[in-house]
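Structures follow.
Two complexes, one shared chain (chain A), two partners (chain B, chain C).
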Partner chain A sequence: MSQHRLERSEQKLAMLLLIPSFLVIFLIAFYPLGSVFVTSFTNRTFASSVETETVGFDNYRKLLSLKIMKLEPIFDPDTGLQAIDDFSGEPAYQDPIDLLPRDPFRYKPLREFDLFGTRYVYAATDPKFIQSIEDTLFFTLTSVILETIFGMMIALIMIKNFPGRGGLRVAMLVPWAIPTAVSSRMWEWMFASTRVGVFNVIAQWMGYTDGQFPFLTDASTQIWAMIAIDVWKTTPFMALLLMAGLQTIPMEVYEAAYIDGCGAIRRFTKITMPLVKHTLLVALVFRTLDALRVFDLFQIVFAQKRYSMASFSYYQLIDNKMMGYSSAASVVIFFIILFFILLYTKISGGIQND
Partner chain B sequence: MRTTKVLALCLVLLLAGTFSITAGGQQEAEEAGPITLTVAAGAVGQELVLAKEAATAYMSMNPDVEVIVLETPDLTTDRLGLYLQYFEAQSGVVDIYQIDVIWPGDIAEHLVDLNQYGAASVAADHFPAIIENNTVDGKLVAMPWFTDAGLLYYRADLMEKYGFSEPPATWDDLEMIAEKVQAGERAAGNQDFWGFVWQGNSYEGLTCDALEWVVSMGGGNIVEPDGEITINNPKAAKALDMAAGWVGTISPEGVTGFGEEDARNMFQAGNAMFMRNWPYAYSLGNAPDSAISGKFDVVPLPAGDSGRGAAALGGWQLAASKYSENVEEAVDLLMYMTSYEEQKRRAIVGSYNPTIKGLYSDAEVLEATPFFGSLYDVFVNAAARPSTVTAPNYAEASKIFFSNAHDVLTGKQSGAVAVRNMALDIEDLIK
Partner chain C sequence: MINKKSKLAGQIIFWLLIVVMFIYLVFPFYWTIVTSLKTENQLIMTPATFIPRDPVTKDISITFQNYGAVFRNDTFVRGIMNSAIVSFSVTVLALVFGSFGAFALGKLRFRGRTFSLYLILSMTMFPQISVLTGLYAVIRALSIPARTSMILSYMLFTLPFTIWVMTSFFKKLPDSLLQAANVDGATSFQAFYMVLLPLTVPAMVTTGLLAFIAAWNEYLFALTFTSIQSSARTVPVAMALFSGEIARQEPFGEIMAASVIVTLPLLVLVYIFQKRLVEGLTAGAVKG
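Let's turn to the complex of A and B:
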């Protein structure tokens, strides 16, 4: 009985002692987050004395409404065959601008695609935002995979003993140590659309272009340029984390495997991978969340040409002054990132249960 | 026990820190030393140097004032973003802002009414159109600093070399000359030579360039002063298609990523026949280190189907922040920086167009920049962007215009589709 009371009073004390931490967390995390949530339901204008009104879910509806509609082919009245579009030189279909609904928000075509011989249009009320989500997800997936592969390769080499290892380890970290603002400008220069840029010189030398290819304005290369910069910059970070993980594996395990006649590939898949798995997972979580929030790279190199999710939200807030709309975009980004956190928690939980 | 000691130590340090901060604060308040004024100025071309020189001159006249010139981003869109962050925080960090001709309507509520500080008497000396532009609800929120209009720069030496006597009067002439010179120069060994460079990046500068094409073709002013949205017409579509046709032929593919400075760098290195740019490029092009010094000249932009050429009205103003701690001193500095003498110095050293009418007949100014006299009409009749009629949504209206135009330049849509999208989007925005 007395023990019971003691337990309870200790619990009380624990709660009491936790209050300051809760207070701090509330102030620095929940309050700002909550105010973004609240603002996202208004039409608040940034840096202005314009009256703010509550608009319900309008911001979200405008951000996220998607529609897929079928386009009818256009026939040439003279020949009875499908007409040819003057601009693209391809078979003509109905103009999606006429077809798409305009109330309460106008749907704008994002892209057209064919499925089983029928043409469809994929439209959104804010195609730039949907595009920014697609771009950011593609950027995250590709860059994180590449960084993991290269990072692992570098880490495996760097843990070996060889002369000059110390110096090489320092050199390896240089790209990561350069501020993104500086390295983005540096790469922007290398990607220059004339032969000022080293990539154009190389591409011309290899016979791919005439030395005037606009890597940063051509839609097909834009995201790949971003991925190249990010992989260059962040692979060292990945390698560093993985190196720390690899160093915890005792050498004796490898020696035993070697004596038992285990080949290099089997040693990697059966010993290295399982033992470095936890470190790898932590590194992946770090990088994925970081890549999803990418802002500086896109803002510096692309400005208004193409957005990441974060630079879209920044544009809406700062340049467009639509604080409510920008907050709603931020909330959507928050949920996308939350989804990835939950996904990783689920995966890591699975590993721990092994 | 040890934890308690550590905690106690932390507490002591914290208290000591607080004390030193308070003490520092008091000290600062006691020395009522020189007033510091911060000017947020641009850094395109010689802007920064000229602003710093003006600051130094002002400080030598007013020893009790310290003037700091703050460098701001080159892209106008980025610069507005920076300013708005100061305004939202009602920050007094910056006292004087260099603001674009399109912003007064949008940010007037954060700016000081200069008429209350005796600016009205000076305002009459400036171009009335710009003073009107800077007057919001009867308040003069900014003093004109320099005006700008789009001009066509051309290489006079190459015109002669290829047997052309007159600079191009129409876009067709320009295309024809550019093609011939580009082919010739490339055959002569300069693989990086292009016919025509301009501002094609997806930003405010493209709004200016594209407005010039559209107006010269007779396609209207995007949104007319009475609020009618006129951009959806075949002439405007044709203008955009015409420019898209230059990309990859007489202009580099990369022109769709060019701002003012990219175009100038290429032209000044001797790698372009024609350039569309603002007047500031004139004195830089004639600098001793320029590859084309003395080899180029300036004319109005070519005419399109309307029979007339059009120049977009640009230019920058100086405005005092309402949140400044020394409004009176800030206005005094602002009036100095926009004064007759200072604008004259800037016109001579940097070929920045004065906004004071009298300077266009000043002998010293005309000697330094002869085209100020011959192109006076271009500056007075420049086409204004529809910033007043779309205020306070001009930034978004312009973004709709330039991003759709950019999509035409990069081949994502045709001019006809683009002008339709522009009209629909602008209607959604301002209706």
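Let's turn to the complex of A and C:
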């Protein structure tokens, strides 16, 4: 068989083998995904007879408009010094509400901060969505990093031969096997703000709290609680994938390195990491993607107290019936995910060349 | 002598790590089991007890009433059947389609390879909720029955995952295997299922398990697609609809009992397949 004909037959076989997958994509993904894009440019309402109009980029403008503005200090007319707010005892500045533009969408302050002695206000037309982006990004970065570290540790232990390995492998998958709908409720129960919850029992034993700490309502611990649940739940996913990747490294490579006097750390960085790189990349892509789309965890534990990007989109659709707006939020999520995937492939030197 | 000592220290650290890991992974499940064995009164005891105890006498007291209630619930029992059918079909389809696609993407040379990989991935880059309405419209338009529509729609998240993971494994297999098979007169497809596929068993078991569990636990699609055909409800939907037979408020004990029952078959599956995670690869066959 000539080289040319071989290539042609490979091309044909590849197309044949990909047909089932493309058929599935065409059947279940093409229309739904396309309609999300189209709907995001309209003011379509969900489950109602209100007429739909095209609104251009309005949804996106409302979702993503940000502004940082300088706040002028208020001076006490008697002393000529900056006035002190009676309420908080802090130096007073003008009210951001007076300053921020109202047309075409009203800006609402997200937070204030000081830089080089000047007070600024950071405002958005939809502070809830911007907050959800910040929270989801923080949640994603922190939990994916922790999951990768723990997952790698567990995978390295699990490929060793030791008594009871089978049982431990089962134990390893327990968190992933429990439905999220259930495990989030379980953790919610464990994080309960009284000593019904096991964390408050333990925290009190250790003398950290009085057994009444509101882990899930205190803004500073909310996202950390979510990270704790997610790391627990998805580390097994990471570990299992990495384990499968580690299995493909032939033992001989390690033996040769050992004989050549390579230390454990050098063996890890010079042999394990390069050989497991591709599996790690795939695992990272899917974990990041899932973390950025996180929904059930936030929806079950927080409902509308604090949003992830996906649960924001959910409530815009289900509660506010704003289908166009919700679709635009989903498209934003899509592009954030796309950005991360391109970043990974760029850093790792591409999917094609190993 | 020093070597022996440091080896012992290494052993101790190794087992210590295993113990810490084990507690971290299993404790919430242990807590689920304990909770499922408590009565409503025991649930609201403060401080919470690590084994079910009587609120007054502090003696150990275990109840199986939650389990009884769960098994008397027809929707739940039928839900287990439905979940098994749906998850099994999803896994088989994802593995067959996925390994076909992954072989093409990982080992064959053709134009549009990278594009195909990203196209496949892009179907899972939207939050589930946003594709739900469009998907529902497609299913109604083609009048696909509930179970089939769940099987098809779960492909949205299982297929890209299977293809990507399997592709990375096919890529690692040396090209020489394929060439050798071609020289021996095998077609590329024969080389695929007789030579290469058996070598990817660890990857298939891994992705198969992860896909099965993802399908078993899926909630949002299942809730929507079974809304008009309640006989097709899967376990997570059945559990969400628990109104509680014993508890007057939220049937937390029953939900926990149900989740123990739902998780056990998965653990049995993992136990059966975990040996295959290692045995699939014989180092000799992959030498370049």
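Note that the second predicted complex is superposed on the first by the 313 of 354 C-alpha atoms of A that agree within 3 Å, B and C clash if a C-alpha of one lies under 4 Å from a C-alpha of the other, contacts with A are read in each partner's own complex, and residues count from 1 in each chain.
Keep in mind that, in the parts below, a residue touches a chain if its C-beta (ideal position, glycine included) is under 8 Å from a C-beta of that chain, and two chains touch if they have at least 3 such contacts.
None of the values given here were measured: they were computed from a predicted structure.
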Touching partner for A:Ile265 - first (chain B), second (chain C), both, neither: neither
Quick check for you: in the superposed arrangement, does A:His278 touch first (chain B), second (chain C), both or neither? second
Should A:Ala219 be classified as contacting the first partner (chain B), the second (chain C), both, or neither? first
Which of chain B and chain C A:Gly211 touches, first, second, both or neither: both
Mind working out whether A:Leu115 is in touch with chain B, chain C, both or neither, as first, second, both or neither? neither
Of chain C and chain B, partner touching more chain A residues: C
Considering only touches as defined above, state whether A:Gln11 meets chain B (first), chain C (second), both or neither. second
Under the stated touch criterion, which partner chain does A:Ser313 make contact with: chain B (first), chain C (second), both, or neither? second
Which partner does A:Arg106 reach: the first (chain B), the second (chain C), both, or neither? first
Quick check on the output: what are the common chain A residues between the chain B footprint and the chain C footprint? 46, 194-195, 211, 314
Which bits of chain A are touching chain C when the two form their complex? 6-7, 9-11, 13-15, 17-18, 20-21, 24-25, 27-29, 31-36, 46, 153-154, 157, 159, 162, 166, 168-183, 185-187, 189-190, 194-198, 201, 204, 211, 232, 235-237, 240-241, 243-245, 247-248, 250-252, 278-279, 281-282, 285-286, 289, 293, 295-296, 309-310, 313-314, 317, 323, 326-327, 329-330, 333-334, 337-338, 341, 351-352, 354
Could you pull out which chain B residues touch chain A in their complex? 75, 77-78, 80-81, 84-85, 87-88, 107, 109-110, 191-192, 201-203, 252-257, 266, 392, 395-396, 399, 402-403, 406, 410, 412-414, 416-417, 420-421, 424-425, 428
Per the touch rule above, chain C residues touching chain A in the complex are 14, 17-18, 21-22, 24-26, 28-29, 31-32, 35, 43-48, 96-98, 100-101, 103-105, 108-111, 113-114, 116-135, 137-138, 152-153, 155-156, 159, 161, 163-165, 168-169, 171-172, 182, 188-189, 202-203, 205-206, 209-210, 213, 216-217, 219-220, 235-236, 239-240, 252, 255-256, 258-259, 262-263, 266-267, 270-271, 274-275, 277-278, 280-281, 283, 286-287
Write out the stretch or stretches of chain A touching chain B in their complex. 46-50, 86-87, 95, 97, 102, 105-106, 108, 192-195, 211-214, 216-219, 303-305, 314, 318-321
